[in-house]
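Structures are listed in the sections that come next.
The following pair of complexes shares a single chain, chain A, combined with chain B in the former and chain C in the latter.
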Partner chain A sequence: MKITVKLFAGFRENRFKVAERELADGCTIAGVLSDLGISEPELGVALINGRHVTLDQVLSDGETVSLFPKVGGG
Partner chain B sequence: MAELLAWLKERAKGDLLLWADQLSAANRFKVSVRDVENAALENGLLPARYQRNRNMFCLDDQLKLFKSKVAVIGCGGLGGYIIEELARLGVGTIVAVDPDVFEEHNMNRQLLATPDFLGIKKVAAAARRVDRVNPAVELLPVGLAFGMDNGKRILEGCHVAVDALDSIAVRLELAEICQEESIPLVHGAIAGWYGYLMTQYPGERSLQKFFAHNSQESGLEKHLGNPSFTPAVVASLEVAEVCKILLNQGTPTRRRCLSIDLYDMEFVEIEC
Partner chain C sequence: MNKIFRINMSDMTSKVESVPAEWAGLGGRGLTSTIVAAEVPPRCHPLGPNNKLVFAPGLLTGTPAAQSGRLSAGAKSPLTGTIKESNAGGTAAQQLARMGIKAIVIEGMPSEDKWYRLHVTLDGISIEPADELVGKQNFAVMDQLMDKFGPKIGILTIGVPGELRMCAANISVKDPDQKIRSHGRGGLGAVMGSKKIKCITIDDSGGGKVPIADPDKFRTAAKIFAKSLLDHPVSGEGLPTYGTNILINILNEAGGLPTKNFRYGQCEHHEKISGETMHETIVARGGKHKHGCHAGCIIQCSQVYVDEAGIYVTSGFEYETIWGLGANAMIENLDDIAKCDNIMDDIGIDSIEGAVLLATAMEAGVIPWGDGKECLRVLRDEIGKGTPLGRILGNGTASVGKAYGLVRVPVVKGQGIPAYDPRSVKGIGVTYATSTMGADHTAGYTIATNILKVGGYIDPLKKEGQVELSRNLQIATAAVDSTGMCVFIAFPALDIPESFTALIDLINAAYGLSLTADDVTELGKKILKIEHDFNKGAGFTNQDDRLPEFFTYEPIPPHNAVWDFTDEEIDEFWNF
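Then we have the complex of A and B:
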């Protein structure tokens, strides 16, 4: 299935802002992270079509995933 | 008090009270400049330092700010600017919380970190700074690490808590205590070119949701560090939120998180 992945902030470094990825059916957010070489603790928020989702959320063809890194400094 | 008031009214230029007169009044009537400010604001006189605020905030607003108590948790990159801006805004009481002393690596970004303050407690430096910037503002220094054990006591009587922490785990403790004590919380976090802003009222759990997984780990800041400008930007956004909450004006960043990317200069709203 085809998934549009949008990356934000530091996730763009050495990757991309937006890209279409071909992923196996039944792929989850965790699967997208592993496809991109992002470790789970690096993730702040994942959205599917603008809605907050958890790591085990299964994707459907044509959906858009947005990934924001975790930021904790002050 | 009546004598002080009569004297202030006689000296006022229109409804403006000049700093020199505020100071003279304090000396003449043996009260603090803070007491003079209170008397002025309660009786329709605006300390002249706030005259450029007045088209945004009416006298009652300025009085409300003066009567407000705001806790700033963390006095580093974000906290230094937040305290500065709250004091200049005229927020009457600021509780500043931080257990640390200034170190050399703070000086690239932390407003209060100067060579003469190296080794000095951050909250002590904050108190000295506020005393110089706006002596009518009281800064209550708390040189402790904020946590579940002391949080309730630290936030007592505060109208807003401002997150300027550098730990996600402690942020979540702050959010829990704010929840219990019914105190609105303004969240800010930074790393490199990036940051987040979010405001949470009692009953809302956006922050807890945001950090639902892996809250014990640190974020992007661990390898990106922080430059001079990102803390200033996010701190200013946080103070704007505090101001709106205190005055019940405008639209805070509720049930959404603002993602701030200064590298690509993108501001994106995330629904929470």
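Then we have the complex of A and C:
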């Protein structure tokens, strides 16, 4: 299936801002991280179509995943 | 810190008082709010003789503890009509603390139309004429004072909007680089202007070290505390790299980035104004992406933003300002936004209120949407000079809305709503509604838990748990605001247990106390209740703890969320 992956902050270094990835059916957020070489503790926030999800969230074809490392402001 | 300096501008007298026993354990917001509540009649006119302007360093200010250099300013706010505390970095807090000054209380107002400079030394405060500074904006005032007194002089100053008592006027504080930090929110610059005080100079000659009761215990706690700040990914890495503006892209992705005066939750040009773009721009141009607002800051969330030639444009370039101008007012050019930020520093208006009122002026058709150049002109030549239009705008978002007959006016208790949409980030909506300060994100920063997953996670789109989250954070923040600590210590404090314990140990070691976490919570509750009681005395009721009506019937895309709390659900906030 095709998933659009958007990366932010330090996750962009040596990777990309946005890319379409071909992933196996049933792939989870953890699977996306693994595909990108990002370790799970590095993840701050993952969103699918603007909603927060956890590592075990299963993706569906055509979804957009946004991944942020642990950052913040205020 | 064992002295209170009190100055009366009605009879031009200056006194040095000892600290009453009941105020000894207070600092920062806890002290300014306690003094305002005790001495200011809640129904007084904020710009009249019965209001008082109070400055207080925090309990830990002036000590070697990291992040402890914040100064609180308090008064009855002319913008909101509520009690107000606004804290800022800069050099003044640490100078006052090292001079043993626990608070400065400014009361009364002169009958003559003359302007004054207060000069603070170890011996007390003298009242000096300031005629040659009237009509000057902040950077010119600071240059003139540094020429006279040298670069180490501490300075608090107001620009022309403060002289003209505009409700968006702030109080500017000189920082370690001779630039400006601000007591931004609530129009405290207008209160200073009403008392005819153009500026305050602080000569800390003869000041010593802040006494510490148990130096060994203090050193140990300070190390643990500093380590926690550096270990936490937000305070140790995210903030120094990207500044607070990293939030543009997160709020945009989560659908909570108010855009075009709160019409939408996402902004098409978000990437142009994002923290990532700002970081790349600063690095490419040779600016500084990490920078502190006061000596002893190890988080370094500030930055120095420079132009293409590498020349200084602005510093302390915050997410809320960039959001307000970039997404909410639709200005796509980060350089224009930076210039607006610098002008707001110079003329001395709150850069959140300033940004929100500019978007409201766009809503009114006074400025074209996204026109950064016209915003620069309006700030400099209308608000900065006090033209009739400038006064309508400079009195804040609510003033603009009323003058132009607008309905979509994002304010609570008259104060402009900052950079997080309350419909799609519901916890922060509870904070806006219930804060004793009017719409204030820092009062109970639920974004940490709603969006950033710091201190756990509560779904921003659901109502469940939001009131409790906001209450707990508002209580904790009231206590932290009393220590002189930067609010960003909350990120490690929420996630790393030793961090919060070390903060309490620092207070105990400094004062020879044995406070527990429960005592700190009780302090926070007490401060909130003092402030709430003041507001009730000023005429506010639970019916004022509400968001503007349009949030209930205008769904915000992409989630099409509306503000759907009942009055009873919001009122549950004060049940503690």
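The rule we apply is simple: the second predicted complex is superposed on the first by the 70 of 74 C-alpha atoms of A that agree within 3 Å, B and C clash if a C-alpha of one lies under 4 Å from a C-alpha of the other, contacts with A are read in each partner's own complex, and residues count from 1 in each chain.
Going forward, a residue touches a chain if its C-beta (ideal position, glycine included) is under 8 Å from a C-beta of that chain, and two chains touch if they have at least 3 such contacts.
Everything numeric in this text was worked out from a predicted model, so none of it was measured.
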| message | Tell me the contact category for A:15 with respect to chain B and chain C: first, second, both or neither. | response | neither
| said: Contact-wise, after the overlay, does A:55 reach chain B, chain C, both or neither (first, second, both, neither)? | reply: first
| said: So in the superposed three-chain picture, is A:40 touching just chain B, just chain C, both, or none of them (first/second/both/neither)? | reply: first
| After lining up the shared chain so the two structures overlap, which partner does A:72 touch, if you call chain B first and chain C second: first, second, both or neither? | both
| note | Interface residues of chain A shared by chain B and chain C, listed 8-10, 12, 17, 44-45, 47, 50-52, 66, 68-74
| For chain A, which residues are in contact with chain B within the complex? | 8-10, 12, 17, 40-45, 47, 50-52, 54-55, 66, 68-74
| Which positions of chain B touch chain A when the two form their complex? | 74, 76-79, 163-168, 171, 188-196, 209-214, 217-221, 224, 226, 231, 257, 259, 261, 263-264, 266, 268, 270-272
| note | As the complex stands, chain C meets chain A at residues 233-234, 237-239, 241-247, 249-250, 253-255, 266, 271, 275-276, 301, 319, 441-442, 445, 447-448, 451-454, 457, 459-461, 487-488, 491, 558-559
| Which positions of chain A touch chain C when the two form their complex? | 6, 8-10, 12, 17, 44-45, 47, 49-52, 66, 68-74
